[in-house]
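Okay, got some structures for you below.
Across the two complexes that follow, chain A remains constant while its partner is chain B and subsequently chain C.
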Partner chain A sequence: MFLTPSMLGFAVFYMIPFVMGISQSLTNRTLGGRFTGLSNYSELLASGSFRKAAANTLLFTGVSVPLLLALSLSLALLINKGPFFRQGLQTALILPLVVPVASVVLVWQIFFDWNGTLNAWLYHGGHSRVDWLQSNGSMGVLVVLYLWKNLGYNLILFLAGLRQIPRDYYETARIEGAGRWHQFSRITLVYLTPTLFFVVLISIINSFKVFRETYLLAGDYPYDRIYMLQHYMNNMFAALEIQKLTAAATLMVLCISVLVMALLSVERRFRDVLD
Partner chain B sequence: MKRSKLLPQIALTAILGFFALLMSVPLLLTFTNSLMTETEIGMNYGLIGQMTDVAAGGNTRFVNLKLLPDWLSFGQYREVLILNSKFLRMFWNSVGMVVPIIAGQTLVASLAAYAFAKLRFRGRDKLFLVYLLTMLMPFQVTLVPNYLVASTLGLMNKEAAIILPGVFGAFGVFMLRQFMAHIPGAYAEAAKMDGAGEWTVFRHIAIPLAKPGLAALAVLLFVDYWNMIEQPLLFLEDSFKQPLSLYLARIASEERGVGFAASVLYMTPMLLLFFYAESYFIQGVQMSGIKG
Partner chain C sequence: MKTTNRKRARATAATGIFLLFALAACSGGGGESPQIHTGKSGDKGSEQPVEAPANAGKTTLTFSTFFPDPHLQELVTQYEALHPEVDIQLQSVQTDDAHLEAEMEKFMTQTNTAMLAGKGPDLLVLDDLPAASYVKNGLLVNFDELIAQDSAFKREDYFTNILDHAKIGGGLYAMPISFFLHGLAGDEEALAQAGVEINDDSWSWNDFAVLSQKLVNKTYPHVIHTEPEYMLNWMVSDNLSLFVDESKGTAKFNTATFTGLMKQVQKMSEDGVIGAEGIPYFFPVQINSPGDYFESLNSFLSSNMKLYVKPHAQDVGAGGYFQPYRSIGLNQSSKAKEQAWDFVKFMISDQVPVDPNHAGFPLNKRLYAQEVEQLKKDGSVPTAKEGPLKGVPIQVNPDELDALENELTGATHLVSKFQPDQLADIIVEQSQAFFSGQKSTEDVAGLIQNKVTTYLNE
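Entry: the complex of A and B
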């Protein structure tokens, strides 16, 4: 009874159309199409722009997520040591999370434009300038934007995870003569692992959302290196290529589901070991 | 504090301070630059997007990054708020979509979350997993279902095409369920002994106890939907129906002179809310990170 409104809406707006979408991806036309099996999928996998987009997305996720994890974990450990103005520093680091992407595009433009500040610094340092948004450097720009935006989220989660580790574990370890590295690797990392699973998952999911930044900086058809799956799908939508779009979406759902399930089951096994 | 601890702590604060400053640069710049005159903006940043002398590589003029304006001016704000009607209209467009989504999703999700957290029924955990997976999908995946529904129900180019999927979004269900799962079962049992039905338990026990969770959800939803770009970009063709986010996206290239003030005004509701309800916000993020 409590579930009814949500179930109805959820079914109407997500589940039923999604199943419709899957069946569309197996036909050749939107209305009254014939069943064509997996031909849309094989076409998709053979398409150059899809491959390019998939490779770029993987590359971006593969580079940015580890960086984000390392940076946010280090900062969380530092904050946990109790600096002066802890609250203020924490707020400043979290703040970008709530700042709408569209409202800082201007600043990014000033930095990364051909005539922008970054190039001015390069130039005055005696280097030649880089066309950040129209070269392989564009991937770097996106990584910076992603780090800026998502650092706060991971920070909050890591800090919460650190708070749950009982202090006396460290004291016992210290009495038994464990060094700092030992304490970090045997206590902090081990007890932070459940948090870590979730942070990894969310970081990967959020790395798929970087489309907003790319779109605002570079439009529908950005430089090759940052042409992501999301661009591909948006453009398929604009071109009303619903079959390819649904095929791509189905593949994406499969991949993400497999990823989530894998992370969840590894996590469960880890918890069993810990208990 | 002992002297030997003071020095490391100063160093620690300095390192973190450096990062905090680095993270704040875009915000600081936006604020201070919003107080420049349009002419000054033009002088400083007019070169953006001009690909002069690429081949020769000889152009040595650059954008002039400036923190403080030469003259304090509220000209940009005057232009955005009073002289130009677009900004305010799109501001209200945003409000008109975000508020129904927050109200609707909080209501629908609190009911569903109660069911997932406190009631027993067949297939509960599997169904919850489906919600969880849906929540994790990037927009481009839900784009397809949203589009199919919108075109079937004739909602294309109408605000409802954005509001309705928002109301039934899975995130609220997930977050509130995490929150309600932590409410001790004893409360509900005691109430039921006294003859209270499920509805009374929900209304008078679960909802009051989940209030911090509801507040946290509202804050997170506001952040998320105030910021949305993809949905209106694809579902709202008429520019007079579009929300502020898209206006800001265009302003970067077309009306840069007032862009900073518009940006400040755009992010202000968010920042105010954040400073006012930071603890709820943090709690909300943490809640979504704890698995029940």
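Entry: the complex of A and C
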């Protein structure tokens, strides 16, 4: 009953458009289109650029999410340890969350451009220049950007998770002679797992959102290493190829929901074990 | 000598920019059609058509354009005066230079969405819209079919070469009220002195490259006023089939052929064939109106300038280049197609005369003839005070008008494709780093190959 307003909002703004999108992806044109079955999907899978975009997106998620997790967890542990780090680091890491992306991207652009700051340093240091955004290193630039942007958020989540672990557990463990590694792997990691699942989920979803930064940095036809799924969709939208666009979106949603469901089922199983 | 050269170059640049603004504002240089038939509109003259409420029994047409356009407004007012039962709502976007790009993008997205949803205006100016995509989605009416069904429509009243070649996707979906001419303004006498004969019916950019070797550093230091990256793009379009196979989705830019082409263009640049400073034999020009024909050719301050057809891509065939201006599209989901078609016919008719300096050659031949008559009667063309001619009027030479008519009836190649030209954008943007000496041929060729492949396989 009390869910009705939010359900209504969800339906109007997400569910109905999405279902309409799926039905679009099965026709041949927007106005007065005919049902063509899965032909848009087969065309989509035949497109080399779509496959490249999917592979790039997967690669990016596969590399950046574990890196982000490792980095934010170790920082959280460090901060959790003493007040010394807490003040300065926390603010510095959370700042990227509130700074508008567009202004930051401008700075990054100046930094990584062919005639930018980084190359000027390299040149003065006697090295040859690298066109960062137009080479296979461009993915690295994106990973750094993604880490910088999302570190703070994950950090907050991890810190909250860490504080919920009762101190007594550690004390008991210490009395019983458990080493640091043992404490970390048997107490911290185990009791942090519910938080971990959530952080992984958010990180994956955020990794799909790196398109915004990429687009602002490198435009609609970037170097093919950083050509993401959303580049493909964006270009299809500009070309009014709504059918291909909706087909690509449907496939992407399918992949994400499979991933999320797998994660959630693992979490459920884990919780059962814990109880 | 050098300083005067530079001054001239600056002056030409200034006219160029001035022209650009005139175009951007969508109002022709010179007066705004002063000879309007006020007699016909009578007491209706003061009526504000845009704000008029749509009464019952009235047919309402919505007509959308990005830039506010006084000429279109005039056409609407005149048509409404003749047809009181029709109400035409002309919609445009008021903006300034600072917000132009953002507003343009917004306008495009909104119009695209409305069109795809089957809403959208009845009529729309397609110049700034991806009309080729509209055609692919079946959103526009094919004027060829309307013309075939309409016995009152006389094709011979119009520049039939434009009607035949302004097609997108196999049909006339964008009716150009008027058009511009693209060509090269060249110094005829200096070319003759250098012993170069130009067959501009059929020359290609390859031919241009060959004969430019004979011209460089003679009467003039340079052969053409442009930048190397544009020359490279022209040369590529000349041999497009060598580099791009659209059906297979393959590109061949990482080949010796392409790097060879880049080096050839660079050599042209080093030899002085291409130069943006000083006076060359040829200037790429866009001729906007009969009056502009005289002003543009004389603005280069050489008395022997002639308008040549731009070199062709090899597999394109003879004929000049034109760019449609004020192309009108008729929405496939319009509820008043007949009325809209009637209004389109009115817009391309000769009922509202225009000044010879009004931007765009009219599609209607009789309207064009009126402009030519006016020019002959006036005997001279006024020029812009800020331009290189400093407002000194130019004599109208009837022989040159004949030459112009030949160019107009011989124009068969559409410049705008009604969609963004990604290939040209990529080539021009990436090759700059090579021509400025910052990257090697291989690096640039690789990057072009990389991006074009992505584009072709989408």
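As a working rule, the second predicted complex is superposed on the first by the 259 of 275 C-alpha atoms of A that agree within 3 Å, B and C clash if a C-alpha of one lies under 4 Å from a C-alpha of the other, contacts with A are read in each partner's own complex, and residues count from 1 in each chain.
Note that contacts are C-beta pairs under 8 Å (C-beta built on N, C-alpha and C of every residue); 3 or more make two chains touch, one makes a residue touch a chain.
What you see is a predicted model; the values in this text were computed from it and never measured.
Contact with chain B, but none with chain C, is seen for A:Thr91 once the two complexes are overlaid on the shared chain.
Once chain A of one complex is fitted onto chain A of the other, the partner contacts of A:Phe50 are limited to chain C, with no touch recorded for chain B. In the superposed model, A:Gly140 makes contact with neither chain B nor chain C.
In the superposed pair of complexes, A:Met233 makes contact with chain B only, with no contact to chain C.
Of the two partner chains, chain B is the only one touched by A:Ile79; chain C is not. Considering which of chain B and chain C touches more of chain A, the answer is B. After overlaying the two complexes on the shared chain, residue contacts for A:Pro17 are found with chain B alone; chain C is out of touch.
When both complexes are overlaid on chain A, the residue A:Trp114 reaches chain B and chain C alike. When both complexes are overlaid on chain A, the residue A:Phe198 reaches chain B alone and has no touch with chain C. Overlap of the chain B and chain C interfaces on chain A: residues 114-115, 131, 238, 242. Residues 9-10, 12-13, 15-17, 19-21, 23-27, 29-30, 33, 45, 47-52, 54, 57, 59-63, 65, 108-109, 111-112, 114-116, 119, 121, 130-134, 136-149, 152, 164-165, 167-168, 170, 173, 198, 202, 223, 226-227, 229-230, 233-234, 244-246, 248-249, 252, 256, 259-260, 262-264, 266-267, 270-271, 273-274, 278, 281-282, 285-286, 289-291 of chain B touch chain A in their complex.
Residues 1-3, 5-7, 9-10, 12-18, 20-21, 75, 78-79, 81-85, 88-89, 91-111, 113-117, 119-120, 123, 128-129, 131, 148, 151, 153, 156-157, 160, 194-195, 198-199, 201-202, 205, 208-209, 211-212, 215-216, 229-230, 233-234, 237-238, 242, 245-246, 249, 252-253, 256-257, 260 of chain A are the ones touching chain B in the complex. Of all residues in chain A, those touching chain C in their complex are 29-32, 47-50, 52, 114-115, 131, 134, 221, 223-224, 227, 232, 235-236, 238-242.
On the chain C side of its complex with chain A, the touching residues are 112, 116-118, 130, 133-134, 136-139, 249, 332-333, 419-420, 422, 426, 433, 438-439, 443, 447, 450-451, 453-458.
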